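Below, each structure is written out as structure tokens.
Common to both upcoming complexes is chain A, partnered first by chain B, then by chain C.
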Partner chain A sequence: MSFLGFGNGQPQLSSEQKIAAAETELDLVTDMFNKLVDNCYKKCISTQYAEGTLSKGESACLDRCVAKYFETNVKVGENMQQLGQTFTNAGKF
Partner chain B sequence: MSEKNPSTEVPKPSAAASAATEAAKKVKDVKPPKRLFANPAFQAMGIPAMRLPSRNWVIFWMTVTAAVGGFGYDKYQQKKIISKYADMMKPMAEKTMDTKTVPRKITVFIAPPPSDYLETSLKMWRRYIKPVLFYAGLDYDIVQEDRQGVIRTEVANRMRALRKEYIEEPKIEAPPVTPTDKNAELTPAQVKELGKEYKNNFDWRDAIGIFYKKDKPAEINSEDLESGDLSLSGGVICLGRGAYKEYLAGLHEGLLGPVDPPVIPEEPKQAEDAAKKLTPHEEEVEKEIKVMEEQLEETNEGPLDTEEKPTEEKEEKKEENTGVLARFIDPSEYEAAPFPPLELHSQGSVIHDKQTKLPILVNQPLLVVSVPNLIGFLAIPQRIYRFYRKRYMTEDICSDVAALVESSSLRPFDAATDVNLAKEEESDWPSSWVKQGRKRDSEWTRDVVTDPRITSLMRVCNKPVPVSPEADQTANSE
Partner chain C sequence: MDALNAKEQQDFQKLVEQKQMKDFMRLYSNLVERCFNDCVNDFTSSKLTNKEQTCILKCSEKFLKHSERVGQRFQEQNAAMSQGLNR
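Then we have the complex of A and B:
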């Protein structure tokens, strides 16, 4: 354990904690995926269903939408991580 | 008062005068009768007489109406034109497409007009080009620049990457370093390496559940491959004369130039350094060296070596920061360069990308769209004129983009006239900017140098450029 920032920075995680962390991560990814599906569906697929298969315009739109969503997500994630690091580091001596 | 005191007759005339002035004042204060519009028929119906606005108000309202109405009409026409082309394209997007194919991809190069922001060009892209592409169900890849040379570097890098792939074909990659003992502690460097590898190979499709039970598609192909005629695949749009010039330069540089950055001969460099030592800038140089030495922690080099390296490294760093690389080949060397380069010999007149199996940028149909952008105070009348006639520009651009999408009017690149595509834009460039560009040997103000071996691969779908005396001149200068 670290006392006032002395000692090792990261506490050792027990396997239960690790599993919990993995679960939250999975939740995050699933959540993101569901949101992505929702948003891109709303954006790209018209409510007048003429055919069972995707049309060319729809699939092109979906491609772009998904790519954009992922890219944004990754970028935001990276920035958040950086913010978090600076935040935790700022608390230490 | 005067009746009571007849003796006071003297002030009488003055009183009369004051009365007269008062009367005059009254006359002055009386407003002219309101101009009323009365019609017996209206009055019979009970509609009261209407007041008409004064002359000045009439002028004011007429001017405002004309200005706003003209703008509104222009906008309305623009919308009509865009929706006309969108409707034309719609049937293409309504075709069904297999999930294992990706739509045709148009590469768009966007450069800002001189002395203005990128937003100006982006607006043109968003308003007139993107809707047409969107309704045609096409994919697009945008390369935009905020400083000169980015597009050239990008195009050249793509060409070089392609050539590198062909060069490295026979090589088999060495198996990645795997730790022999799993329990053994990994060095930080190894951990970093593993992390990098993981990141490179990371596929989002693995992280998401869809392909948990179903297999991932083995390969994803472009629809162009299915359509049969490969010469109609892809497409390039250059937005702005500068983007077009850089695109041409990039193609030549990437295909004719060396794959690796040329090594700058050392001798003149040393001479320069020697010259520098004599100058009073020594202090600065020393400061630079100190900074660089801190950065060069890993390498232990003698003081003599480090004296030369800092400047070179600094230059490289600058290039990395701006994303612009120096030219690998000078336009004057085009003729001497061998083409096709050794690695592309097997390709013939259509060079294919190795991964997508599609023709590369050179072979894709090209469309150049000019970005008319006048700036300056004195140009205001001309700007107003253009502002109210944007519908004609819209029609031009949309029809060109539609032609690119349909690949209907493709023609081989004519080196004599087609280097002047969108040249009319150059008359809009501020003269001071052009002067400065000439001084700094800017890529935009330089003459376009083309090589017939490259241009023979290209195809354009712009309308043919009318031959002007100027065009003849450039053709002769080549």
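Then we have the complex of A and C:
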């Protein structure tokens, strides 16, 4: 990105830009964590509240739920990449 | 990506603290909503019944334990994933 002839290959990011990038990354991770908490709660936790503690079944369900959420994340990423490639190739004349 | 220098890290830390405060308020209001919906269904009285209070207590405890456990697994998965990327 040699804009106005200043660039030397690498884009020079200002402090604001670097902090904004770090913020975006933090937001992304926080967002994923919150979704994980919400969705795995819905799928694993009994709302009868017989106990305040997690039952064995709930704990096992949670561990698997988190692992599967990550796996789903990776799979969707792969699929989107593939779709993106098909799309780009189709756009070439 | 370029690492942040000391000044930038300080600015970022401030941002993180603001976000943590907001996150905590959000957690609190979400927990109220969750336990209210799951535990409070009887409106023949304007006071919480004993049963409702017990349910709310267990609901809060369970949710906090839940998010603690999800947090631990989340960190493990994150670490495993970034290790996979660096290989």
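We take it that the second predicted complex is superposed on the first by the 63 of 93 C-alpha atoms of A that agree within 3 Å, B and C clash if a C-alpha of one lies under 4 Å from a C-alpha of the other, contacts with A are read in each partner's own complex, and residues count from 1 in each chain.
Assume a residue touches a chain if its C-beta (ideal position, glycine included) is under 8 Å from a C-beta of that chain, and two chains touch if they have at least 3 such contacts.
Remember, it's a predicted structure, so these values are computed and weren't measured experimentally.
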| item | value |
| --- | --- |
| Partner chain in contact with A:63 - chain B first, chain C second, else both or neither | both |
| Touching partner for A:23 - first (chain B), second (chain C), both, neither | second |
| Contacts of A:54 with chain B and chain C, given as first, second, both or neither | both |
| Superposition-derived comparison: chain B or chain C, residues of chain A touched | C |
| Footprint overlap on chain A, where chain B in one structure and chain C in the other make contact | 29-30, 33, 50-51, 53-54, 58-59, 63, 70 |
| Interfacial residue positions of chain B with respect to chain A in the complex | 90, 92-97, 99, 102-103, 134-139, 204, 207-209, 223 |
| Residues of chain A defined as touching chain C within the complex | 13, 15, 18-19, 21-23, 26, 29-30, 33, 36-37, 40-41, 44-45, 47, 49-54, 58-59, 62-63, 66-67, 70, 74 |
| Of all residues in chain A, those that touch chain B in their complex | 29-30, 33, 50-51, 53-61, 63-64, 70 |
| Touching residues (chain side chain C, partner chain A) in the complex | 1-2, 4-5, 7-8, 11-12, 15-16, 19, 23, 38-39, 55, 57-63, 65-67, 69-71, 73-74, 77-78, 81 |
